[in-house]
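Order of writing sets the chain letters: A, B, C, D, E, F, G and H. Residues in each chain are counted from 1.
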Amino acid sequence: MSEIRLMKGNEATAEASIRAGCDAYFGYPITPQSEIIEYLSDQGRKRGMIVMQVESEVAAINMIYGAAGAGARAMTTSSSPGISLMQEGISYIACAELPCLLMNVNRGGPGLGTIQPSQGDYFQSVKGGGHGDYHLIVLAPASVQEMADFVYLGFDLADKYRNPVLLLTDGALGQMMEKVIFPDYDPKAHKLPKPWATVGKNSNRPPNVITSLHLHSDEMEKINLRLQEKYRKIEANEVRYELMNTEGADVVMIAYGLTARICQRVIELGMQSGLNVGLMRPITLYPYPYEILAKLSEQVNGFFVVEMNAGQMVEDVRLGVNGKVPVGFYGRMGGVIPTAEEILHSLQLFMKSIAVKEKV
Amino acid sequence: MSEIRLMKGNEATAEASIRAGCDAYFGYPITPQSEIIEYLSDQGRKRGMIVMQVESEVAAINMIYGAAGAGARAMTTSSSPGISLMQEGISYIACAELPCLLMNVNRGGPGLGTIQPSQGDYFQSVKGGGHGDYHLIVLAPASVQEMADFVYLGFDLADKYRNPVLLLTDGALGQMMEKVIFPDYDPKAHKLPKPWATVGKNSNRPPNVITSLHLHSDEMEKINLRLQEKYRKIEANEVRYELMNTEGADVVMIAYGLTARICQRVIELGMQSGLNVGLMRPITLYPYPYEILAKLSEQVNGFFVVEMNAGQMVEDVRLGVNGKVPVGFYGRMGGVIPTAEEILHSLQLFMKSIAVKEKV
Amino acid sequence: MTHEILFAGFGGQGILSMGMTLAYAGIIEGKEVTWMPSYGPEMRGGTANCIVIVSDKRISSPIVGKFDALIAMNQPSLDKFEKAVKPNGIIMYDSGNIIVPPTRTDITIAAVPVETEALKLNNLKVRNMIMVGAFLSVCQVVETGTVVKALSKVLPDRYHHMLKINQEALERGEKIVIEAATPLA
Amino acid sequence: MTHEILFAGFGGQGILSMGMTLAYAGIIEGKEVTWMPSYGPEMRGGTANCIVIVSDKRISSPIVGKFDALIAMNQPSLDKFEKAVKPNGIIMYDSGNIIVPPTRTDITIAAVPVETEALKLNNLKVRNMIMVGAFLSVCQVVETGTVVKALSKVLPDRYHHMLKINQEALERGEKIVIEAATPLA
Amino acid sequence: MAVRGTVKVDIETCKGCELCVEACPQDTLAMSKEINNNGYHYAVTIQDNCTGCVNCALVCPDAVITVYRSSAKKKDKEAVAVISNVKGDLRVTIDNPNVAGGVGGIDV
Amino acid sequence: MAVRGTVKVDIETCKGCELCVEACPQDTLAMSKEINNNGYHYAVTIQDNCTGCVNCALVCPDAVITVYRSSAKKKDKEAVAVISNVKGDLRVTIDNPNVAGGVGGIDV
Amino acid sequence: MSEIQVPTNGMEVVWEKPKTLTDTRMHYCPGCGHGVVHKVLMEVIADLGIQDKTIGVAPVGCSVISYNYMNIDMQEAAHGRATAVATGIKRVLPDKLVFTYQGDGDLAAIGTAETIHACNRGENFLIIFINNAIYGMTGGQMAPTSLLGMVTSTTPEGRQVETQGFPIKITEMVATLPGTYYITRQSVHNPTAVRYLKKAVEKAFKHQLDKKGTCLIEVVSNCPSGWKMNPVEANKWLEQNMFPMYSPGDIKIEGKLVEKKPTTTPDKKETKL
Amino acid sequence: MSEIQVPTNGMEVVWEKPKTLTDTRMHYCPGCGHGVVHKVLMEVIADLGIQDKTIGVAPVGCSVISYNYMNIDMQEAAHGRATAVATGIKRVLPDKLVFTYQGDGDLAAIGTAETIHACNRGENFLIIFINNAIYGMTGGQMAPTSLLGMVTSTTPEGRQVETQGFPIKITEMVATLPGTYYITRQSVHNPTAVRYLKKAVEKAFKHQLDKKGTCLIEVVSNCPSGWKMNPVEANKWLEQNMFPMYSPGDIKIEGKLVEKKPTTTPDKKETKL
């Protein structure tokens, strides 16, 4: 029986994790996401989850490594500075191919910055903030509903590919309340067997070892190649995005998460001013929806990227567009949320500029 | 009086840091760069530098923050996993605009990986492994001589822009020996005044505060804008690269550091097989030499990127080329160093493929 | 129909729960809702505000720059957000806390003496519900009855004995605006 | 002229310092040099090797796949690297440690009984210098005299009393190859 | 008893925590009924019996109390300490309201 | 004296650390002059006086020693422990060479 | 603006806000101990005349912007790393005076390694450790020093040993390190406590001037907001509940442990609130 | 291949390599204590019949690939984080037996916070702490436990308090934490020591089966390579130089501190080598 609630994004994530059969949560408080550990400390513990506030984010991510390696569904969440502290651990988890769920409720950086919402951690999330060649599967919810839904999806993808999954969201989505529907989800039906997990070696099999160390280059390269092969599979199968009003649009905006919501408003406002703009909202930031960009490049006069940062995803858009049409950008930083009106204004300038160019 | 020595890259960096007037080194051992702290523990201490082996990389980077904030020339070095642990601290340093020198002697990852050389930390270095919008100035030495030279350059750029500078090198360059010439360098003539440093507030000025916290979004955005303005200045003034044989080349290879050395050999081998290839070696990875790429795009039939990773810098190359000509890639991972012969082979295949395309 | 409403005042005035109650009522009536608080340095001690959107269709941006209505519970909030109300919009303010009233003439303005009214109910805590009631009488985003139902969901169990007084407050609020001749424009 | 030489053997056989001494001598003669060790899991205990390049011009890649000469101090190294020697190149090996000799016929091969020779000098530690001497007699990368100078730079001060014996070793090495009729091809 | 001491409270900065009231051995202090511009009741002297023991100043977290004491040695010229509030509605009434916690602080 | 115990050393795995020699109260063990395929001198029994005290096995870091002892209870059938090395040049000569440290280990 | 004039003729100022505090109104909640400690610290710096050579390190915690109130050069450290930052400063400026100011989450949770190793190196600076048994800044989560049974937003049923471990007495732990010279536990819940604290801070700075090694002053403090009490209640609760676990007094003087206190925490039953 | 046959008629095997050790030749340097500890640990696991329910956590340090030798399920943790990883494992598999195996750099430098907090939570697992007073794996740098005056590659003039602090006795520190149940310091330098160690390991696993809380066994070990001595010399040096600082014996039994040892390290002069 599914259930309707009015909840903060953070709480929705927490509630969904319980329903998704998350066995263990290890975390450290940080604004604007502490509601998650608070919710779980009450509801999670009551409903049988292992919920621990531990000494630091470094400890938390390494506990995730241990618990995931032991076959559990494990999750941690944090916000920007805390996620930076986890980078070594994340790189280890990616290399050891441990399925787990991470969430970054992005706030304004760099440094201690501000606790206001931001998308400044895009690069860190998709290009790898840790060392070495690895990828997280990165999902970007744009509503409280998705803050819940992507928890199930995240755990399932993590298990399927033995890969860490990151939900990249921001302080506003974490703090805002919306209606959220919790569907029926039976963790037992979704959890995959994990014969590789360290649960105690029975006499019928050789020891299971979770490690990311491969001293000899040729062995390590094999691991790298295996990872790359997996990433190609993920890129082939797991790209997710949403198109709005792209059919016949002059310019398509590209935005994810909160800014994608604001861009929907821009579409509405644009219509009022006779502007024909659409929106491509990447849902997976890795794998990135390059292909649809290539396709749209054949149809539109330009793309306009909106981010709450200095311009990060815009590079992926440019890689997808590959010079075929101009790519514009509008961004705010430091926790400032752009309004639909200011985006529209900047978009109009962009549209003028490319019209001019085309005439030249 | 300049001096000629035969030295490991790591030792050359250490020796240069003493000569560059580095006041303090805080570090933690890790292969393949422990020679630096070992050299400094002997020579550095004897020659008046503060040299401390501390409890962790996390502590080290925060000591750099403190020392740099107090006006000192400060340096730390590590290798991939250790650098990942420093990401929070690096983001703080970037936001607080503290000049200092960092070095990553890159080894194969992800995870504990291998201690063999790699370029797998390109993204982490240039896109920001830490949270938020910031940039390190990233210099990529390609010889032991440059492992020394870029120490002076690095400190000077750091002071000039109040920005952390990262030397991105790899285990092979750290471990190999070459001739190195130490020029005359008078730190006193290079060190800039640091009126912003916390050295004790005298009664004539308000307190100096080193911080990265700006609670209000509008204030934080101002900080972000100031940083971005600085980055634009750096991008305008500090791009460095080296061209070899690009004049009239059919294809230009792009490689930095060790792989650039190997690509020089590829040019030599190529000449023997009648191939006309050149090399663009970025010396600054941030700011990236996009402009010369745009320029070369008008002259060549394609670019061929060589990296010791799964393909990271190739994205920057594609951004610079912007679809004008094809971009090929050859990479090895896991600490495997590609040979000139295998690169040449792959390059020839690429050249064939683009020739075919052009005929179509 | 979409209503975009800003609630603003001091922390401690029950600003966030006013908005939350309204949003919850929206859900009960089958509508789409978003509730977006200002969080951060102002949250404790200083000012607090939240944007509530109640709509019949999927809500695009939860952040809006212009509002159909502003509920202002203190002077700084009124001063800051007066301009943000759309033409023909509504400002409803606590006349006990706000000395300098709004000056716009293209909108509906209502002063509600919530403290005075709350004292009549012998309970200062229900000031915010008086305000909500007053607002609903001017702008029927949801039924007052639904708000009462919503309250029983929003209030923690230990406060359920307060449901009745809150209901009275809502009704009181509704009535005073209806009774008021001025300063309704 | 560029010489690309691979030194290979067990850790502890002084492989790395053979290469280092040669490289240093190169510098003294005003040449360009690189010395690239294998480091890592093999470094302690297992095998060790280093590539030394000495050249009149700027050295491109410090990593090469084919060598002008291989100095092999044990069997695994010889087995592994025999193919990596360029046609007309040189393999020089320690015949005390290597039982199965190289089989290639397109290169110069020299077996040097370094242990026997070292015993003649009453010092087993100079085995590697005997090898260097032997190598230089076949392939004059640098002058033997320069190597002696280089040694005084490479050896830590506390070993400077060993300079003389090392010089003798170098000369001894030179001589035995020159004296040898077989197995020089 | 002659006035031995007195205190000046910067009532606009006072946060109404009542720690000074609690600390005063003379019951010289009490909380105003009015609130200042930050919404806080503030500390006021309600008796003339201050001894200048500085207890109140020591515990005041906001350092808003200045303490004066009669000095045998010094003989100052006529002087006053001035208490002001920007609202201009300075009244001194006390009522002992129940000060609620949790109304300050920031998150990082 | 009747043989009370004996030991078998896996000489190819032995690293020549000499800790067993040091630990043996009977001086039953010594180091070979020859080296095994890993370049190490290895431990060998040079006397018949082993008591089967297992001291050597306890300190051996590489667990290469198996210890046997006469059992009053058990009467086994004829049995031998076999020592082998792959080089095929097994000789037992001792000479007490100076074992150098620093020849193992990896870096991470 | 209206004014009340208080006659002060013939009186001298016996206590006023020190010049080393700025005029900025502090953001702390009413009654919060942070303000008291700031004041004491700045008084001592004024008294000793070391304002121009003291450098402070602010933590991440409620006192994160203490640099807005302290009229001296300061650095704001990453969460938990204040002693690392202070090490960086003090090592390059050995003749300046350096202190860190840290909460219990900052010092005893995420910063444990940095705290212990700074003390072990005997870094010649002062650590001021505000133990309010809670994470004030982030909204009242459990701290490593929270008492057993204590209700916080992450221990809604009270802190349990099984999942959250024991309240940690890091001050006693670092006192066992030979690098530390003067270790004391003080409080700010009444005027006498404040007087003692001031003496302790003075002593610590003097030791630093004499290059004696690390001094650490734990201040058992309150958090009215996090504890959900008014300040007066909070200070009473502090005395009744915090002191049995964190008993005030000197722990190490001149490099010697003061008395043999039991080094283990009393077991669960005894400390259950 | 040649063979020597040793007659074993009428004899029984009184010691042989346990099945819980794999056949892989260990990479350790000759005489390294790591091998001895591996052996003892695996013997106990074989003896107690817990091979199928024990999960080990390898550190980063010379024993990083101990999973190649231990014939049980294992995880390799990031440098210093073994106790965090073990917490993750044990919390989700509370009925399995878990141990960490860590060097002094891993446990007492970079892993200090994780060590202390795991012990403070009383995590019900065993920590095996190999104290060889040096960073073996990275080539002989100073460890937090290196002795004063000890020459290492980062202390070419011997460890000095001024820059490198004091040798840290983390075992004594965690013994003060109420979460710990059995804390002992053992060694492997002679047969008797090995016998004691085995008993200690057995005891610790039994405590874990009884869910008693954290047990930590420090093993004072050698590093012939790092110390630049042959193994026999190294073990002698260990006895003469390590034991005065790290004296062997039980520190905490059944949750109670054994004896009042001086908790501070003797001062500089006394420990100078």
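In the analysis below, a residue touches a chain if its C-beta (ideal position, glycine included) is under 8 Å from a C-beta of that chain, and two chains touch if they have at least 3 such contacts.
This one's a predicted model, so the numbers in the text were calculated from it and none came from an experiment.
Touch-path distance (fewest steps) from chain C to chain H is 2.
When you average the Cα atoms of each chain and compare centres, the chain farthest from chain A turns out to be F. Centre to centre, using the average C-alpha position, chain C and chain D are separated by 87 Å. Distance between chain G and chain H, defined via averaged C-alpha coordinates, is recorded as 36 Å. Chain A and chain F have centres, each the mean of its CA atoms, that are 59 Å apart.
Centre-to-centre separation of chain A and chain G, using mean CA positions: 39 Å.
Chain B has residues 31-32, 50, 52, 55-56, 58, 81, 88, 92, 96, 112, 114-116, 211-213, 215-216, 335 in contact with two or more other chains. For chain G, the set of residues touching two or more other chains reads 27, 29, 60, 64-65, 76, 78, 109-110, 112-113, 117, 137-139, 144, 163-164, 225. Residues of chain F found to touch two or more other chains are 100, 102-108.
Within the complex, the chain G residues that touch chain B are 51-55, 57-58, 64-65, 67, 70-78, 81, 84-89, 91-93, 96, 113-114, 117. The residues of chain A lying in touch with chain B in their complex are 58, 80-81, 83-85, 87-88, 91-92, 94-96, 106, 108-116, 118, 120-121, 123-124, 127-134, 211-225, 227-228, 309-310, 312, 315, 318-319, 321-324, 332-336.
Touching chain A in their complex are the following residues of chain G: 60, 64, 76, 78-80, 109-110, 112, 135, 137-139, 141-142, 144, 153-157, 163-164. Across the complex, chain A meets chain G through its residues 28-31, 34, 37-38, 41-42, 45, 50-53, 55-58, 81, 112.
On chain C, the positions that touch chain A within their shared complex are 20, 23-24, 27, 32-37, 39-41, 59-65, 153.
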